[in-house]
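What follows is a short report on a single structure.
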């Protein structure tokens, strides 16, 4: 359960290139559901996602995750919150080149210091589930687009995050892969996870398994559909 | 004199420590003026990130200073043969009036930095950085100490003159001379051991009390500080004699020499560690009631008290072993 | 293993994986750093070992040497002065020493010609005992080859070589030619009744200062060199030179530290993006700093160990082959010596502080700068 | 540095560092092991020093004043200024004997050590 109360975000405050990315947002995001933000680029979707995901502090306003206020936390604690609660799939997936798929998947767990062998097994299981078991030792730059995305999903889930955040996950994928992605998302929701996405891909917000679509424009919420 | 590898290494560490101290002192002043955790502004965020840098730098400097403290004494010992009359570190440190003050300043920096690091650690455990102001007030206080220590050290090394006839530990630590060192060596062995045992018991009692009642670590810190003083006095007055197996040799430095199996390190290492932990437990106790720390700080304090007691116990074992092993019989 | 250690190990794993991607560049870095450590460590070990050897060997030198000074230059000293010295209480013995230099035009070498102090070492007239450097300088091809000495063209004096000192004592005896006193005085035309200088033995070393004071009053024109003066001269000679070399190497270390800082701060766009990704997926600044410190620590400690281990082999295995040319200078006779291997905690500590600390220090601020990137920048 | 399958990179590198540390330890041990033999050799040299009445090492034999730094003739060529650059390379290794008593030099120790 995530709620935002009159959240605004300013970038580069006090400088000539000041940008008001979010204006006075009030929002509740349901748990165990798939929520999609849609809107043109520059509408503040991504900024909202990074505030929801404890990646950035809002300039004003309050953010609650599971009833606990996180908006005033120093970065260190915000990070702690983030890495145990959220998993991220970025627009360009952002896997680290030169490392193997397995190494990439294990990365978010490093600061927690888990047992290496157990972690490795967990990562391999996750890759197996996503159909990447055979490519675990391959360098990430040799993966195809769909495989890269699935590797990114595996990485996002390695700390067993309850909330998966995906920024334009299907921007570079063809229809078949998009369907494959939606299947994965549906399976995750059925596992009891919350999924939050941004997208301007109609294939996503028209999909059946999406529970809520929130439309944004100029840093404001301009509409919500269930 | 300055072109000697150990001296160059020591000066290098002092220089780095001074740079860090000056910069972080200045940053501390800025924090005291502008710290506002409620603000989400860029400047505040930047400041929060800089605290990370200050902590990292301080930890690094602290480690380097610890090694440098060892090297300082070791080097003083080694250079003794350069000076007429010097037999060990005492003579070298006595070559000019800055030697001993430089050593004391280095020790003070060690304790101050140790306590500060613990404060820093406690601060970072609280979700609202509750001790930030305290921490930076302390830092603004420590910075001049670091500079003073570096200045004394530099002055000392620049003024090393080999044609000065200096004194040796056998002259300094003899009961006949009217000075503090002589007073300490003149302390009767029995009284010194009783004092040491007494303050050791006080430390154990204070520690047990603080562990059971979950407060009163300040008393433990005080007992630890007293034990430190008494222990140094006892080392000079009696323990060193046992190690040298010679009733009139009272030097607190010669025990660091290889001839005596580097036994001094077994004494000073635990003693310094135990005292530093005791002091920081005492200081932290003052903040145990800060709301965001009530959940975590008592556990940290308890751990420090346990570790401190353990270190003092190691020191005690080293003292007893020195006495048991020795051929020297002072009593009986 | 505790989570703390597992975290450290995982951080090390990551940094190694990252380093392995630019393997050539990073190996080159380690190699350059190792070479710097090697030079500094060799200088330290070499001078410390020489110094120790000098200390121990010269501890047996005469307690006091008395030289006659004329116009500020050393001159021959009269036998009558010996009595003045033996008259002082505490002086066990005072003996005139006969020694000097002989420039050998054939080999271009300077020999030290000497009459031994101890009668048991005195060669028979007509024979000499020589250090191991003399046969080498002369290119003797067979064991019993005689030594011909010539002071000017046309003059030639033949000495049988009764004994050659082996290279165990080369450091003190390499260029020596020992002669009987009669040979010495005749060959060098030193009149009877004078000596080069006087060696004084003193029973109690604590009395040396008092004895020098008394002797100065008795012989105001003389110069007194005590054994401690000699030992101190050597200690300073070696540690001063070592320090200077280290200071010079310090310039190299500084340059290297600047280079390291530059490398750490001039992160490529790729690396900066990577750190952004790490932060975005849940690494804290302190994790990134710890990871980068591992990078520095692995490079620095690796280089430190490689450099130190190699320096030991260089100094004690090959006899400091790289330093020999400097020490040798233009001397024709350079002792063929091996030093007693010696390495101690203080040397290692000082070496560690002087090489590793600047490197790590130089990278700290750039590391922090990289680590404090905004985690959300990767999404923008 | 290519990790073998299943072997962590850190294991490989820690093992390498461990091996280097072990070599360093072996060198320390070697120095300790050689010590008695070296002590005998040094004692023999020291005996030679005693019976011959030597005062200096035979390390710098290129010139007469370099041969005996402790007894050097203080006014020979190239030595007038303690900081003067040397004619001989080893001169850069052999500074003036600083420790000589001021009285014997005829000028103050300050001037010498500067």
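Structural remarks
When the chains are written out, they are named A, B, C and D in that same order, and each has its own residue count from 1.
The rule is short, and it goes like this: a contact is a pair of C-beta atoms (placed from the backbone, for glycine too) under 8 Å apart; a residue touches a chain by one contact, two chains touch by 3 or more.
This one's a predicted model, so the numbers in the text were calculated from it and none came from an experiment.
Chain pairs C-D and A-C differ in how many C-beta pairs they share in contact, with the greater number at C-D.
Of all the chains shown, the one with its CA centroid nearest the global CA centroid is B. Here the CA centre of chain C is 2 Å from the CA centre of chain D. Our note on geometry: chain A versus chain C, Cα centroid distance of 63 Å, whole angstroms.
Each chain gets one centre point, the mean of its Cα atoms, and the points for chain A and chain B are 49 Å apart. Shared contact sites, meaning residues of chain A that touch two or more other chains, fall at 75-76, 116. The multi-chain contact residues of chain D, meaning those touching 2 or more other chains, are 8, 98-99.
Counting partner chains per residue, chain B shows two or more touched chains at residues 49, 52, 162. Residues of chain C that touch chain D in their complex: 9, 12-13, 16-17, 20, 23, 50, 53-54, 56-62, 65, 67, 69, 72-74, 95, 97, 101, 109-110, 112, 114, 116-118, 120-121, 131, 133, 165, 168-176, 178, 197, 199, 212, 216, 222-225, 228-230, 232-234, 236-237, 240-241, 298, 301-302, 305-306, 308-309, 312-313, 316, 326-335, 340-343.
By the touch criterion stated above, chain A contacts chain B in their complex at residues 12-14, 57-60, 71-77. On chain B, the positions that touch chain A within their shared complex are 37-38, 40-42, 45, 48-49, 52, 124, 127-129. Here chain D touches chain C in the complex through residues 1-2, 8-10, 13-14, 16-17, 20-21, 23-24, 27-28, 30-31, 34-35, 38-39, 41-42, 44-64, 66-67, 69-71, 73-75, 88-95, 97-101, 103-104, 106, going by the rule given at the top.
Remark: chain A residues 46-47, 49-50, 55-56, 75-76, 79-80, 82-83, 86, 88, 90-91, 94, 96-99, 103, 106-116, 155-156, 159, 167 touch chain C in the complex.
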